[in-house]
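Below you'll find the structures, each written out as C-alpha cells.
Here chain A shows up in two complexes: once beside chain B, once beside chain C.
Moving on to the complex of A and B:
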C-alpha cells in the first residue's frame, strides 16, 4: 500500500509538470503562428480600431507569459473558458453580426462543448479497441506460438499490409463499399449507434498491425525462456504453461506498448476518423476549432489529450509493476 | 579506429558489440527472405514508373480538360487512352497525378525521416553520453513532446499558416524525433561503459570525437534499419494532412487532396478516390514489408533469436 501511495504521488507530480509544459507549448504555438482569431470572430468588414479593441479586451495583445499565467489560474479554478466562435445555442456564429462588438457571454463554454463531444469519442474509441482486439489477439497469439512457421509469416503479411493502408483511404473505401454501394451501414454524421461501426473498423485497421506484431514478439520471446522448458520438464503440459505463465509474462510489455504507443495512435486516429466521417466527437470539434482559430477549445483539448496520455502511462507503469514486481520504479 | 585490426588483437570483451560487418550480415540475411526480394522488386518497379511515367504518358497532371472529365480507368468500359487509370472531375490524368503524388510523398517521407533520425540520435547520444542533468532535461523534453498527439500538433501548426513542403517536413520531424532520441540514448548508456570507449578516452580523444567517430558508427546502423518503416508512416501522415487540407496545397497533386476531392463523386466516379489509393497502398506495402524483414533480420543477427 505504501508502495502504491508513494508511486502515485511521485508520478502525479511529474505528470502535472508535463501537462503544464504541453499546455505552454500549444499555447505559445497558437499565438506565434499566423492567423488572428479576432478577424474570424468579427468578420472581414470590421474596422481595424474595433479589431484592436476587442483583441485587447480579450487579452490577446498581452505578452504570452502573462496570457499563459492568466490561463493557468483560470484552468486551476476549474474554468476552461468560453469558445471564441461557437454560440450558446450550438453552431458557429461569428461573422458580421458581431461587428458591433464581441460579447463573450453569448459563447458556449468549452467545458460544455467537450462534455457533449466526449461521450461520442469514447464510444468510438471503445468499439475501435474491441474490434482491434478481436483481430489482433488470435492472429498475434497464433504467430507467437508458431514462431518461424506459417502463422508467423501470415502475421507479418497481415500486419505489413494493414499498416500500409492510410486511414483516410480505408475510410472512404469502406463508405463506398458498405454504405454508398450496398447500404448495409450508415456512415456520415451520427444518428444512432450504427454510425459508430464503420469508423471503428477504420480505427481497428489502423491499430491492429502494431498489436499483432507486439503480441507475437512478446509471446515468442517468452516461449524461448528457460522457465518454459523447466515447466515442461516438471511435467506441466504445454497448454497449462502457456495459459498460466506465458500469457501472464507476455502481457507486461504489451501493457507498456498500450500506454506509450497505442493510446497516442488511438487519439490521433480518432481525430482523423471523426473528420472523415463528420462524427461529432472531440476530433471534429478540435479540427473545426483550428480552422476557426478558436484558441480556448484547442488549448483545452490539448491539455485533455496530454493529460489522458500521461495518466494512462502512469496506470500502465503501475499495472506492470504489480504484475511483475521485478520492475520497481 | 581501425576496427578490423582492433578486433583481431583485443580480447573479445573489449570489442565494440557491433562491428562494421554486421550491417552487411543483416542485409544479406534480409535478402535471403523471398518477401524482401518481392517487395524490393515492386518498389523498384514503382520507382521506375514514377521517373519514366511523365515522359511516356501523353497527358497532363495539372491541365484541365473538360471534354475528358470523369473518364473511367482503361480496364472498365468507356476507358480511353492515354488515361490508364482514368481522369478526375477536371479531366486530369489520374495515373500521372498519382505518380507525382507518390514522388512528393516519398521525398517528404525520406527527408523527414533523415531529419528526425539525425536530430533525434544526436540528442539521444549526447544525453546518454553526458548523463546527469543534461540527460534528465533532454529526456523530460521527449516526455513532453510525446504527450502531444501528432495530429493535434500538426493541425495546430499547419492549420494556421499556409503549409509548404518545408513546413510539413518540419512538423513531421518535430513530432517524431523523441522516439529516436530515446532509443539511441538507451543504447549509448550501455555502450559508454565499453572498453573501446574508455580506450579512446585514454588515448586522448575528445568527447565529440568519441560520440561521432566511435559510438555513432556502432549504434546507428541497427536503428537505421527500422527507420525504413517510418518512411511509410510519414507518407501516410502526408496523405492525412493533404486530406484535411493542411498539407501541400493544390495544384500540386498529393494523395490526400486526390482522395478528398474524389469523395464528392464517390457514387458516379469511385475510381478517382479508390484507384490512386491502391497505388499508394502498394508502395507503402512494399516499404513496410522491406522494413519488417530488415527488422527481423536485424533482431536475428543481434540477438541470435527471432
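Moving on to the complex of A and C:
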C-alpha cells in the first residue's frame, strides 16, 4: 500500500511537469506559426484597426509568457475557456462580429465541446482496441508459440502487409467497398453504433501489426528462457507453463508497448480516422480547430491528450510492477 | 488487497465494455435517410456564430441564408442575361429620380415567426445593414434612407449620402430582408434566423444544421420537409457519402471527382458558371510591382490557356476582371495575352532586362480551398521563371493563407503575388471592382491610381443602366486590364453532384441553392 501511494504521488508529480511542458510547447508553437486567428474570428473584410483592438482585448498581442501564465491560471481554476470560432449554437466558421466587436460569451465553452465529442471518441477507440485484440492476440500467440513455422510466417506477412497500408487510403477504400458499393454498413458521420464499425476497423488495421509482432516476439522469447524448460522437466505440462507463466511474463513488455506506443498511435489514428469519416469525436473537433486556428480548443485537447498518455503510462507501469514484483518504476 | 492477473484482466475488460456503454448510445442500422422528405446536404463550409446577415462576409453562410431569407428581387445571374431581375418580395420597381428607387411589395407574406411582412421591415433592414459599422457593409454601395410610402411601398433614397440610388438596382437581390422586430433587438437577430424563405431554422446539432419547410412560404410549402446541412470539410468524404446514399447533394467537387461521378448511374452532376473569378493580385504599393510595366511583363509571361487546362472542368476562359454572370461583363479586346517577347521588352524598359535586378518575388497561394491552386501555381511559377522573374511559390493551408491575403494596418501585405477568388451574390460589378481597385480600399493589391478611381466613380454615378453598361465595357474594364493591379486568370465553375432522384433544384452562381420547388423521389 505504501508503495502504491509513493508510486502514484511521484508519478503524478512527474506527469504534471510533462503536461505543463507539452502545454507550453503547443501554446508557443500556435503563436509563432503563420495564421493570425483574429482574422478568422472577425472576418476578412474587417478594418485593420478593429482587428488590432480586438486582438489586444483578447490578449493575443501580449508576450507569449504572459499569455501562457494567464492560460495556466485559468486552466488551474477548471476553466478551459471559450472557442474563438464555434458559436454557442454550434456554428464553426469564423468571420463574424457584432457591432460592439468580438463577444467571447457568444462562443461555445471548450469544456462542453470536449464533453460532447469525447464519448464518441471513447466508443471508437474502445471498439478499435477490441478489433485489434481480436486480430492480434490469436495471430501473435500462434506465431510466438510456433516460432519459425508457418503461423510465425503468417503473423509476419500479415503484420508487414497491414503496416504498409496508410490509414487514409484504407479508410477511403473501406467506405467505398463496405458502404458505397455494397451498402453493408453506414460510414459517414454518426447516427448510431453501426457508424463506429468501419472507422474502428481502420484503427485496428493501424494498431494490429505492432501488437502481432510484439506478442509473437515476447511469447517466443519466453519459450526460449531456461525457466520454461525447467518447468517442463519438473513435470508441468506445456499448456500449464504457457497459461500460467509464459503469458504472464510476456505481458509485461506488452503492457509497456501498449502504454508507450499503442495509445499514442491510437490518439493519432483517431484524428485522421475521424476526419475521413466525418465522425463527430475529439479528433474531428481538433482537426477543424487546427484549420481554423481555434487556439483554446487545440490547447485543451493537447493537455487532455498528454494527460491521458501520462495517466495510462502510470497505470501500465503500476500494473507491470503488480505482475512482476521485481520491477520498480 | 492483492491484485491478480485474472482480476486485472477482468477489470480491463470491464473498462473496455464500459467505454462502449458510456459512448453515445445508438442502434445498428438506420444508416441511410431515404424517406423522400429529408434532404441531406454535404456542405463544404458552415455558418458563423451569428445569424445576423449583416455580421459576416462568409460564403457558406450566404448559401445557408438562401434557404431562410427572402430578398426584394431575385437575380438568376445567367451568362446569357446577367442583368435579369425577377420579383421576390417586391413585385414592381422603378427609378423615381437619380437618387430614388421605388419598390411595390408583395402582400400576404409572413416571416417564420408569424409576423406579417411590410414596408417597415424593408426600412429596418436597409438602414441597419448599410451602416458603415456593420461588418458586411462593404457589400453595399453606401448608406441609404428608406421612406415608407404605405405598408406595401418603399422608396430607397441615397441623395443625402451622395451617390445614385441605381447602385441598389442589383444589390436588392442580395440583401436578406429581416424583420423590423428583430433589427430592434440585435441579440435575437444573432441567435436565430427569421426570414420569409422557403425553409425555417429548426436547430443546430454539432456540425449539423436542421431546416424545416415553411408552411406559409409565399410560393407554397416546399415538398422537401427537412434539409439537413452537414458540414463535411473533406471533399473525398463528401463524395463517398453521396455514393453510399447518406447524402443527396454535395458541392465544391474537384475536377477528377466530378469526372468520376459523372459516370455513376445514380448520380447527377451539375456544372455551373459562378460569379467568382480567380485572380493573381500584384502588391502594387511596393517594388517591383509598383511599376505597371513589370506587372504587364508578368501577365504577358503567363499562358492562361495552359492554366485553364490544369483547372479543367472547374474553370472557364474569360478576358475580364468580372465574371460573365455580372452586369457589365465584356470580353475585353485589349486584355493582356501570353506574349513572351513583349514580356521581355517590358522588363527591359522597366530596367530589369531578362529579369536581372529583380528582387525575389513571393507568390502566395492556398491549398485545400480552391481547386488546383497548387498545380497551376507551380505552372505559373515556372512560366514566370522562364522569363527571368525570380519567383518563390509559398503554398499555405486556408487559415494561414487568409491571414496573409489582405493588406495590414500599415498598408503593406506579405509577398508580391497573391492567388485569390472573389465571389459575390449579385450581378452588381462594384461588389468586385470597388473593394479591389478603388484606391480607398484596394484590399489586396494596394493599387493607388487616380485614373482607375475616376473611372470607377464615373460608372457608379451614371444616370442610367445603359449608360453605366457602356462606361463599364468601354472605359472601366479596359482601363483595369491595361493597368493590371491584378490579372483575372479565369472564371470559376462550381462542380456539384446529387442523387438522381433529386429534381427541380436551382443553383445560384454565388452558392445559394433553391430547393423550394425541388422533389426527392
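Operating definition for what follows: the second predicted complex is superposed on the first by the 323 of 329 C-alpha atoms of A that agree within 3 Å, B and C clash if a C-alpha of one lies under 4 Å from a C-alpha of the other, contacts with A are read in each partner's own complex, and residues count from 1 in each chain.
The rule is short, and it goes like this: a contact is a pair of C-beta atoms (placed from the backbone, for glycine too) under 8 Å apart; a residue touches a chain by one contact, two chains touch by 3 or more.
Keep in mind that what you see is a predicted model, and the values were worked out from it rather than measured.
Colleague: Mind telling me which of the two, chain B or chain C, contacts the most residues of chain A?
Modeller: So, of the two partners, C touches more residues of chain A.
Colleague: Pick one for A:248: touches chain B only (first), chain C only (second), both, or neither.
Modeller: After superposition on chain A, A:248 lies in contact with chain C alone.
Colleague: After lining up the shared chain so the two structures overlap, which partner does A:161 touch, if you call chain B first and chain C second: first, second, both or neither?
Modeller: Touch status of A:161: first partner only.
Colleague: On the A-aligned overlay, A:183 touches which partner chain: chain B = first, chain C = second, or both, or neither?
Modeller: A:183 contacts chain C only, not chain B.
Colleague: I'd like to know which partner A:275 touches here: chain B for first, chain C for second, both or neither.
Modeller: Both partners, chain B and chain C.
Colleague: Figure out whether A:172 sits in contact with chain B (first) or chain C (second), or with both, or with neither.
Modeller: The answer is both, since A:172 touches chain B and chain C.
Colleague: Answer with first, second, both or neither: which of chain B and chain C does A:291 touch in the superposed model?
Modeller: Both chain B and chain C are touched by A:291.
Colleague: First (chain B), second (chain C), both or neither: which does A:123 touch?
Modeller: After superposition on chain A, A:123 lies in contact with chain C alone.
Colleague: Once the shared chain is lined up, is A:134 touching chain B (first), chain C (second), both, or neither of them?
Modeller: Touch status of A:134: no partner.
Colleague: Is A:33 touching anything from chain B or chain C once the two structures are fitted on A? First, second, both or neither.
Modeller: A:33 contacts both chain B and chain C.
Colleague: Which residues form the common part of the chain A surface touched by chain B and by chain C?
Modeller: 33-35, 172, 175-176, 180, 275-276, 287, 291, 293
Colleague: For chain B, which residues count as touching chain A in their complex?
Modeller: It comes out as residues 35, 140, 143-144, 146-153, 155-157, 159-161, 232, 236, 239-240, 243-244, 255-256, 259-260, 262-263, 266-267, 270, 273-274, 277, 280-281, 284-285, 287-289, 292, 296, 305-306.
Colleague: Which of the residues in chain C come into contact with chain A in the complex?
Modeller: 3, 5, 8, 16-17, 19-20, 22-32, 45-52, 55-58, 60-61, 133-136, 138, 186, 190-192, 204-209, 230-234, 236-237, 240-241, 243-247, 396-400, 402-409, 435, 443
Colleague: Once bound in the complex, which stretches of chain A touch chain B?
Modeller: Contacts found on chain A: 17-19, 21-22, 25-26, 29-30, 33-35, 147-148, 156-157, 159-161, 163-169, 172-173, 175-176, 180, 217, 220-221, 224, 260, 264, 267-268, 271-272, 275-276, 283, 286-287, 290-291, 293, 298, 301-302, 305-306, 309-310.
Colleague: Can you check the complex and tell me which residues of chain A touch chain C?
Modeller: Checking each residue of chain A against chain C gives 33-37, 39-40, 42-46, 48-49, 51-52, 85-99, 106-107, 116, 119-120, 122-127, 129-130, 172, 175-176, 179-180, 183, 185-196, 248, 251, 275-278, 280, 284, 287-288, 291-293, 319, 322-323.
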